[in-house]
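A, B, C and D are the chain letters, set down in written order, and residue numbers restart from 1 in every chain.
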Amino acid sequence: MSDVIIVIGAGSIGQAIARRVSSGKHIVLADLRQANADAAAAVLSDAGFDVSTTATDVSSRDSIEALVETATKAGEVTGLIHAAGVSPSQASPETILAVDLYGTAVVLELVGNVIARGGSGVVIASQSGHRLGALTTEQDAELATTPADELLKLPMLQPDLVTDPLHAYQLAKRGNALRVMAEAVRWSKRGARINTISPGIIITPLAKDELTGPRGEGYRRMIELSPAGRAGTPDEVGNVGALLMGPDGTFITGSDILMDGGVTASYFYGELAPE
Amino acid sequence: MSDVIIVIGAGSIGQAIARRVSSGKHIVLADLRQANADAAAAVLSDAGFDVSTTATDVSSRDSIEALVETATKAGEVTGLIHAAGVSPSQASPETILAVDLYGTAVVLELVGNVIARGGSGVVIASQSGHRLGALTTEQDAELATTPADELLKLPMLQPDLVTDPLHAYQLAKRGNALRVMAEAVRWSKRGARINTISPGIIITPLAKDELTGPRGEGYRRMIELSPAGRAGTPDEVGNVGALLMGPDGTFITGSDILMDGGVTASYFYGELAPE
Amino acid sequence: MSDVIIVIGAGSIGQAIARRVSSGKHIVLADLRQANADAAAAVLSDAGFDVSTTATDVSSRDSIEALVETATKAGEVTGLIHAAGVSPSQASPETILAVDLYGTAVVLELVGNVIARGGSGVVIASQSGHRLGALTTEQDAELATTPADELLKLPMLQPDLVTDPLHAYQLAKRGNALRVMAEAVRWSKRGARINTISPGIIITPLAKDELTGPRGEGYRRMIELSPAGRAGTPDEVGNVGALLMGPDGTFITGSDILMDGGVTASYFYGELAPE
Amino acid sequence: MSDVIIVIGAGSIGQAIARRVSSGKHIVLADLRQANADAAAAVLSDAGFDVSTTATDVSSRDSIEALVETATKAGEVTGLIHAAGVSPSQASPETILAVDLYGTAVVLELVGNVIARGGSGVVIASQSGHRLGALTTEQDAELATTPADELLKLPMLQPDLVTDPLHAYQLAKRGNALRVMAEAVRWSKRGARINTISPGIIITPLAKDELTGPRGEGYRRMIELSPAGRAGTPDEVGNVGALLMGPDGTFITGSDILMDGGVTASYFYGELAPE
């Protein structure tokens, strides 16, 4: 029986973290589309990793239950890399909340029920969660602790209040970090840890398309004016993921690591401030 | 001419980060008390580091100016580790704001004027900054961007509103993270980066005294009930400092890394919640 | 002008190290075959790296000179990852010595003429170099210090003495580590460092083919009987490369890091001993 | 029951590695002199580590047996840092062989009998082992595999052949690396790894004394003429120790990592060559 790393989301960021923490372990790689999972598994297998795949819809509790069952059959689940989600340019507010907010809550609940002693997980959120104004203490607590299957019924998340995909995305990503805080307490009962990484603009094949697409000018301006003056690489997210999931990060749990080239700083106090 | 790392505060955390990033460089070590600086310098020198010391009062612009002049004479300033401060059990609200809030603002301003291209700094704040409720957007901006010498005149910081040392400390540490965001924009003009680390309970000689002192029971309970179930070590802060100041952290600037063994998570959503 | 990392050899190992040390820098990627360089560049570009390519024949001084000229035009050469070579199953003894031994000597000479202060390089050798019995002190010195263009004239390398491709390969790889020692002295005059990594069986697309090919059984047996009980991943070589090329490795130069899952240990003192 | 790290030798190098790998674990710290162990334990305890001490004479099998029993009673032995030894300026050839060669062999044997699955160890050897000319294949095998209690009876180690403390030291340190190779095979049966680090001149309080003592000029010349142009720090050895003992090093076993600022390279092919 191997140690198992569950990777949800077949994209570059999940892969980059997986590369840093999965040598000699078994990766269970889940994606909404089996074909995406298989393509990523082929790349990781060519890079020496032992990978199996499954199609998982993270907006479905049943589907996540099946994923967790697959993983526990493969070995002891010592790691979680949750990097699946839909972006505001891809989906409606309802879908974004269902996948990014509810789905993450269920993933944390179900993987948190089986995570091994000494295990560790990371959830990929977004710098977008850092742009939303402060919520009330009560709203924070609702997002953090409402039972997963009640989450989407919260008044603050109803369609009349969340009409814009970007707003839904910001709420979902803020909610991810809050949920991770509450789950960090629960995961600790099993001797495990969970943290959030909030990346900024990271170059992936999809991001490259966006940078040359109709909204590309805005993104390119954001990159040029940002303190770092460049976009990030998935491998840089891998650096942070490796720290959080490895022995150097064992005092870190319930945290949210913003790594955005300074975009958030500039949004609030620099050239990227909205007019 | 060597590369120079400025370390402000002779305590264990500053030393631990310095050990990770200063081999082959020159450390200019500043502390309020020359004797403390000398003692730490002796330890670091025995550990192979090249160190000079100076007495610096971080609540005094003149004193920080002298420190920066000393550092630039010694070489090119490629790093800053700002780990000086007073704790709520040591000082009045006025002193806490003067040292921890105003002093940090001046340090960031003056070191930011000379930091080398490719340079990087970390400011040690505290988990305490994460417990304060949300400030308004305007208050955030005031703490982030008010010219340093005007900071202590802000209405929100006046003695009638800040009567408790812990409140002053939380405001100062929240202010540090906000200030770092604004300075991250400015430091980027020189090709440099600056981040905050917010540690939880870290074992140092002083902390060991507190754990066995009159308020020790509260601290020990906090540690026992925390998700990590233990206090942290300065060397673990060194791990995060090394990441932030080194090549693996070049996409991270203006961020605040909370590393507290999950105490903040538990304060909001676990056993450490205030009654 | 960017910092430039020269990567010679478009295979997985060179790419994995490049991913760890090239964020925010420019990669000049050279391979014997332009198509291979372009394919690797496409992968790295999709992963957020800034890459240009060139076709380089490392057995030709003129070709390496052209590569170095291309690199210096692109910026300051702060890093070298030399991962090109031919394996004993691919080539004759003459070709192996020309590419792996002579080519590496010329690469080290010419890149060593331009490497930046603070720069660092790694040469990928092989565990095979550790299996060869001890050479004499004189032979070691000849391989280390004979001018590159005289190297292939050494009596010990003549065709009547080196008839087997594996022998040629072992000599070349031993020679790489020796050459790196001598060059470490020379590179230090520019404030730069150079080291060797000697990997064991690392999974790459080519290695996967070999493992399922006619000689696959021998390789699979070697893996199964090895102390690690598994092959390595390119990303694990990336871990060592990142250490050697980064600030944590500045006291390491002229060294050869064997990372082979214990195969060499077992070859000499374990189940993998030749009968 | 904690995870236990056995640290043998209370000096700076062992402490520096321990700091990197022991947060949240229990350190059993052994030294020949109880007072040295206690002093180091006080430093580590002030730095947040959980430490117990014992006096151990590594030239005595009984004493090492007692150490291992103490360690296994404290928890599961997941790590070994063997940094004890005598230097050629401190002892006779007989003592050097008894402590540095025989003692290390017994430590590796007895700790290797109890090391946990996934555990890892490092043995601190020395650059001196790299200066000795090549031994024969038979001599290598004798040093690697002769039962520990027979080791000192080997003909090559008899007093008429080993008359000089430096020669004894070089043989012992070469022997450490060879012994580690053979033990890497045996440790792998328990799923554990063991490697050697061969440091050059590392600044410690003892080394500082030597640098200013009667033989200081030779050492200072060696440092100045070395490629690195400086001595190393214990924390830099900690970097390598952390890699070898952590998840990034799981493909490395039976290796010997030379980290000497290029002194060995220069000894063979540079300014430090003996006349």
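Basically, a contact is a pair of C-beta atoms (placed from the backbone, for glycine too) under 8 Å apart; a residue touches a chain by one contact, two chains touch by 3 or more.
Values in this document were obtained by computation on a predicted structure and should not be read as measured data.
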* Hey, what chains does subunit C share as contacts with subunit D? -> A, B
* Could you quickly compare B-C and A-C and let me know which has more C-beta contacts? => A-C
* **Centroid comparison with subunit C (C-alpha atoms), farthest chain** => B
* Please report how many Å separate the Cα centroid of subunit A from that of subunit B, as a whole number. => 29
* Where the CA atoms of subunit B average out and where those of subunit C average out, how many Å apart are those spots? -> 43
* If you average the Cα atoms of subunit A and of subunit C to get two centres, how far apart are those centres in Å? -> 36
* Where subunit D touches two or more other chains, by residue -> 23-24, 228, 230, 232-233, 236, 248, 250-251
* **subunit B-facing residues of subunit A, complex** => 133-135, 137, 140-141, 144-145, 180-182, 184-185, 187-188, 193, 200, 226-230, 232-233, 236, 239-240, 243, 248-262, 264-266, 268-271
* Of subunit C, residues touching subunit A in the complex -> 12, 16, 19-20, 23-24, 45-49, 202-205, 208, 228, 230-236
* To do: Write out the stretch or stretches of subunit B touching subunit C in their complex.
  => 21, 23-24, 242, 246-248, 250-251
